[in-house]
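Okay, here's the structure, questions in a sec.
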Amino acid sequence: MLIAAALSALLALAVLGVLAGGEMWRHRVVYFCCALASLALLIGGLKHLGQTPGTGPAIVLPIGLPWMAAHFRLDNLSALFMVIVNLGTAAASVYGIGYCSHLPEPRRVTPFFPLFLFGMNAVLIADDAFMFLVSWEFMSLASWLLVLADHKNPENRSAAMVYLMMAAFGTFCLLTCFGLLAGPEGAYSFPAMRGGVLEPMTGFLVVLLAVLGAGSKAGLVPLHAWLPLAHPAAPSHVSALMSGVMTKVALYGLIRILFDLHGHVAWGWGAALMVIGGITAVMGVLYAILQDDLKKLLAYSTVENIGVVVIGLGLALAFKDSGEKTLAALALVAGLYHMLNHAIFKTLLFLSAGAVITATGERDLGKLGGLLKRMPWTGAATLVGAAAISALPPLNGFVSEWLIFQSLFKGPGLPHWTMKFGVPVVGAMLALAAALAATCFVRAYGIAFLGRPRSAAAAAAHRLPASMRWTMAMLAVLCIVLGAIPVTVTDALSGVVQPLTGVHFAVSADLGWPWLSPVSSTRGSYSGTVLVMTGLSLFVISILLVHGFGTTKVRRADAWDCGHAEDIPETQYTGQSFAQPLRRVFCSSLFAARETVDMPEPGDQSPARLTVRVIDPIWTYLYLGILRVVDAIADRVNRMQFLTVRRYLLMMFATLVFMLLVVAARQQK
Amino acid sequence: MIAQILALPGFDNPLLWILGVPLGSAGFLAVLKEWRVATWVNVGASGITFASSLLLLERRPEPTRLLFIDDFNIYLVVLTSFIGLTTAVFSAAYIARETEANRLSDLHLRFYHSMYQAFLFTMLLALTANNTGVMWVSVEAATLTTVLMVSLYRTREAIEAAWKYFILCSVGIGLALFGTILVYLAAQPVMGDGADAMAWTLMIKRAHSFQPDLLNLAFVFVLVGYGTKVGLAPLHSWLPDAHAEGPTPISAVLSGLLLNVALYALLRFKMLISANGQALTPGPLLVMMGLSSLFLSAFMLYRRGDIKRLFAYSSIEHMGVITFAFGMGGPLANFAGLMHMTMHSLTKSAIFFAVGIISQNAGTKRIADIRGLTSSHPVLGWGFVLAVLAIAGLPPMGVFMSEFLVVSSTFARQPLLAIPLVLGLLLAFGALVSRLQMMAFGEPPKVAHAHGNASTVSSILALTPLWVHMLLVLVAGLYLPKELVTWFQSVARYLG
Amino acid sequence: MPISQLSYEMAHLIGAAVLMAGFQLLYQRRLFAVLNTFAFQAVALAAAAAWQAHIQNAPHLYITAGLALVFKAMIVPFALHWLVEKLGIHRTVETAMSIGWTMMAGVALVALSILLVLPVTVNAAALTRESLALAMSVVLLGLLMMITRHNAVTQVVGFMALENGLILAAVSAKGMPLVVEISIAFSVLVAMTLFGIFFFRIRERFDTLDLNDLETYRGDRQ
Amino acid sequence: MNAVLGQLGQIFLVVALAPLITGWVRLVKSRLNGRIGASPLQPYRDIYRLLQKEAIVAHSASWVFRAAPYVTFAAVWLAACIIPTYTTNMFLAPAADLIALVALLGVARFWTALAGMDVGTAFGGLGASREMMIASLAEPAMLMVSFSLSLISGTTSPTQIIVFILDGGVGIEVSMGLALVALIMVAVAENGRIPIDNPATHLELTMVHEAMVLEYSGRHLALMEGAGMVRLTLFMALIGGIFAPWGIGVPGTGAAGALVGLGAFLAKCFVLATALAFFETAIAKMRVFRYADFLGGALLLGLLATIFLYVSEAV
């Protein structure tokens, strides 16, 4: 009831958003109401999660396919995602209260923002294929319009174009996937699909299409191309949602199909998903390291995290098919946990990127620097977010990666040789991705927030409205809390995975509350709670020791810098120079990264230039390749527009004769 | 025999009004000199026609040898007269602005209005005719009236487009007649000589004993013949130019109505075939034509620089999808095809309304010269965005529902056929959206064109039909009235 | 009235004459010869209609015969003749495909028609069977003529030859209601008027009737 | 012996012993270079001296710069707390495993790198950039070692691994050997030893770790140096504990077991530190861009170690 009311409220808010016009306080009211609706949905989701596993009440509305009506239902999985989604949307809405006045054209954002929220939530509770897709496209459509909010920039327009194309591609894949699940009779409701029995070939296609469809929305490599384009284009609170939350909705679709609707996914698909996930994670983070645009960097980092989650999901599939239900539950819990975490810290980071852009007007790392001093709140919250996304203990990001590693380490126990050899390779990829993520965020945070300002705009960064700062602070606190009490979270998640894996699973069964011991107490365990306590104690002891044995005097002075005292901020390491060693190590073959030095002749006064050329292989060869093919065919086909009447008649005549021949041939049989 | 056919309906029969009002007003408008009055007479006549078509919902007249109403044509009649009305309203605004720009003389306008009503008459007659011959005559007459309207502007391009339209459709219609004769020959041994062997209502009942081979042959001619009129590739060539060069209201009715009527004719013959049971299934031919239309237009869309041709090709694309759906057959795909016909009519005519205003505002039909519509004309721009998104198949608009049903049901049965369908839809989607973004977003051009300052009355008049159509499409995407669903389902059954 | 063997053969003979004229149309190289041949075809068609009227005992077909004789055999060729002279159109027929190939294609089309029609009309009245094959051949030949000729006048003639085939089919169909004939006559009438208007306009703008020139003016060149 | 007591002893021991091990390495290296060298106790004096000095902080530095030494030190210390040195009977053992260990070292590195960038000098960025590049390969290599150890022993907890090996759960295996080599390579990189980094250099172009802590002085520098020493101890405990677990105290052996364990630990450290000094003296430092080959090799060795488990199983 609460949920239904909140969703209707969101639709109404969209209308209010249109009516808001030029009055800024009206926009603020809309955002405030959005935040309330999100909170209501969040509470609704949490309330359901607290109940025993099982499906919630269904709502049937007389819309949608005429002979079927629209079905909505909240079960544990939807409830979990409702929590994930609305954590993000609540934060973004509160942030929006302060942020909307900084937008170039708020009238192009406010009406679509509630629609976007509505679409995402509706996907989660849809209980038939038609409503699922309608909501799904609703979500895409609203976010497309939001990407177009700053439409006067041609880059944003092409980003929106790519985004909508990819969204359409994904929708068509899901559409066909549901078509297969529903069968020729058109049993489009989810309960009917669950009962269906699939041929092996159909089952294969269903998984393939689900991966393509949901994967293109979630950003699996090579379907990730839209993320780094669309996320920077959208207003920051929207990109936070697109990156932190909408990709989760996509993964919800994947989980819904692979674990719920499709009864039995072969382990080979699990293996394939793991490999895709591994490649996505590594490619995503490598892309991220090369970016100078703050929001692009974050978008690519989303790609990486999606890869990490997908590794977990693939592992869960493989375990499930091999009968290892408990391990399947572990891997799934790990994946879900990581989604929850990523939703929080990626939202946080995008909001902070928005704060940086608002405060300085710059999003190029090369123009930022020293912001921690000008924006202490934002800086501190971002530091927490950066540490969390780098999977550093005791924050939440580490817990989920730890769980994924734990389940991954059990992977070679599967009876298939592919898995025995493949899992370690995926493990190496995951480890590489995790380490590179830390590098990426050291770079991003260090360049943007630390050091000295690299431009006048960065030096003059101004304060931000309280709503923006508080949102970030709250999210940072959540990062810490979710890392410190992991067992509470996994207990909640085990209720979600129970219907999907068919086994009740408690990751803390063996040692009790604060200890996370997935298999047994002797098989590796972790306790964020204990670690935080001990770490804090040791931190305090170190301070006491140091201050007890030594002096507390501090003197401020110029930087020593090996004696090269200077006052030129340009001499600092930039994003590009920071990335140089990694570029040389990882990207010289993958991205054909080349550096050319243009050194002037002796005596020539002109400056030397270092040019870095990086080719994105996926974009260049896959996407542009497709574009070239389409262009070439379009050129050829286009000649048909300029023929003579006689030739058109000829076409008609040929068609007629051809059809007559067909009929003649078929009649002879 | 003649009396049998020409038994006219009585005054209490809505069909008399539906057909009589357009025919009468066509004559009246031909002699009416004042064009301002003529636009309103045009609207009024279309309004009466629409109102009387609504009466059909209350009471269906008994079928005669000449006219009949069943589940299939009832909604098409209502749809046709509705779009006839909205287009007349739009046309009033459009003509007012065209005359401001001195593009049309009084004589031309008289001719235009008269032909508009004549066109509506032929459309409605083709839909309600219970005789294959009468239907054929009406479609032929519809061609002639529209040829004249396409050439209205007397530019070289317009004349060439009309010439092409005329030649290709005449040949097509000739082939359709041959098919009609063949059907008569197939029916004649069973039904006996005369009009009975041409009446839909009678033929369908005894179609199972018709000569199947003759029906096969007939269907090929009917398919190529009426298919030309539907605009199926590679018979489509007349369509883009005819849409592009005529006055925009005519483009709207060509796309929204004429194509539907031609398709209706084609489907009536398909009903006979499926009622026959022994004839070869026309599915593969329809699927082939559907896919070729879809692909051809999808690629063509990428090279269009003219806004009206762009949407004309999009019409070919959708006709392809619809034909594909009927080719697939089965209750779901047929339902989807019928729904798609309806949704496409509403949406495409709405798009042409928008296009008409846009090109009048911008003073050009070149896509490259149209920019930032949502900034410069928000109500028009967003309506246009909504309409193009709807035609591109995005929910919650009605086209999505039909595409959902076509694609998903096809994929469940013939994945190999669904893959090209999906690819084609995706290609077309990309072209439409990229053009849409070019036109609707970005910095609007600085120079205000001379025609950009139309009076508020005429701009409200021009925009109302657009938004009314979009509202209907939006509602239909989420909710279809029960009667309509029942009709669709019963027709879908007949279509096999 | 039972239809005698003679009636068949007569009908087929006249039908064959129409078809022959169709072939001749393909063969002609001179514009006036084309017009004359077309007139001959129309006369043959009128004869066929009249014969059908006679053997089917369907008087309304005499009207069709009369229309064909007056309109197609006289007025139309005369009008076209006048147009050609008036507009100074080239008197030679420009072909897109060599006459030899065109003839061969024509033969193939006739074979196709027979192949298609004869087996499927086993149960139909013998009268219709062969006439139908002949009519279909004429239709296809008309279409073939349209696509192998560059000149607008020849194309128009091809179109009308196609219509002749249609009428042949219609009159051969036993008991087909009058409405069809009326409509055909009507459409030809209108078609002619339209052509007239077109020719007038086209001359007004383009000075030639050759469609090649017409087609250079096309919208949407980018 | 009580697990809490064991843990407290461990906490104290790693910090107390760390400077001595570093001092010993330096002494042996000096001797090998033909110098007399300072006493192995010199690091204690150095640290005390640094603690007494005032800390100089650059104008451009933020609070991150000042917090980093404490965080770094605490993180490394915490990591060292969970690697058994002299006994496996530790209260904190289940709180973290090898994965967490890698991550805790990652925390220290994260903060050190940020601190290096905080002042806004070219050298700080250079150090941070190189350090992170090294870590990006060393961390996965370390995780792969954990992977193979976990596959061999069925657990990721260092304590449990040691217990498992002590119980004779594993013979001499190719995988163990590969893992050992990989672990040593990682240890070299993590501790900034030759051939990856030279802890004694301040030559601009070659320094990595030193470049990051260049701006530190006084107690901050003491903490940074201390963290490095504890880290070295940690890795010695890890290598010694897992690949030569003998002598370590296990629950139930009481104080005597702990004493024996302590002796064994000191002996292992002595051997490893001497070996390290020999190793460092024998080879030259690498070029920066050769690190990737070295550490990529470690990563592959770790991967091979896991795969070899199945090869030997299949044969």
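We call the chains A, B, C and D, going by the order they appear; numbering starts again at 1 in every chain.
Methods note: contacts are C-beta pairs under 8 Å (C-beta built on N, C-alpha and C of every residue); 3 or more make two chains touch, one makes a residue touch a chain.
Quick caveat: nothing in here was measured; it's all calculated off a predicted structure.
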| item | value |
| --- | --- |
| Chain D reached from chain B - shortest hop count over touching chains | 2 |
| Between B-C and A-D, the pair with more C-beta contacts | A-D |
| Furthest chain, CA centroid comparison against chain B | D |
| Chain A and chain D, separation of their C-alpha mean positions in angstrom | 35 |
| Rounded Å distance between chain B and chain C, as computed from the means of their C-alpha atoms | 31 |
| Separation of chain A from chain C, taking each centre as the mean of its C-alpha atoms, in whole Å | 68 |
| For chain C paired with chain D, centre-to-centre distance based on mean C-alpha positions, whole Å | 98 |
| Chain B: positions in contact with at least two other chains | 163, 167, 171, 175, 213, 216-217, 240, 303 |
| Residues of chain C engaged with two or more neighbouring chains | 116, 119-120, 143, 146, 155, 214-215, 218, 220 |
| Residue list for chain D, restricted to those that touch at least two other chains | none |
| Pairwise chain contacts, counting only pairs that touch as defined | A-B, A-C, A-D, B-C |
| Chain C to chain B touching residues, read off their complex | 116-117, 119-121, 123-125, 128, 132, 135-136, 139, 143, 146, 155, 159, 162-163, 165-166, 169-170, 173-180, 183-184, 186-187, 190-191, 194, 198, 201-202, 205-206, 214-215, 217-220, 222 |
| Footprint of chain C on chain B - complex, ascending | 1-2, 5, 131, 133-134, 136-137, 140, 144, 147, 151, 154, 156-157, 159-163, 166-167, 170-171, 174-175, 177-178, 180-182, 184-185, 188-189, 192-195, 197-198, 211, 213-214, 216-217, 240-241, 244-245, 303-306, 309 |
| Touch list for chain A against partner chain B, complex | 62-67, 129-130, 133-134, 137-138, 140-141, 148, 151-152, 154, 157, 160-161, 164-165, 168-169, 172, 175-176, 178-180, 182-184, 186, 188, 205, 630-631, 633-635, 637-638, 640-641, 643, 645, 648-649, 651-652, 654-656, 659-660, 662-663, 666-667 |
| Touch list for chain A against partner chain C, complex | 641-647, 649-650, 652-653, 656-657, 660-661, 663-664, 667 |
| Residue numbers on chain B that touch chain A, as the complex places them | 163-164, 167-168, 171-172, 175, 213, 216-217, 220-221, 223-224, 228, 234-235, 237-238, 240, 280, 285, 296, 299-300, 302-303, 330, 332, 372, 374-375, 389, 392-396, 400-401, 404-405, 407-413, 415, 418, 422, 425-427, 429-430, 433-434, 437-438, 441-443, 477-480, 482, 485, 489 |
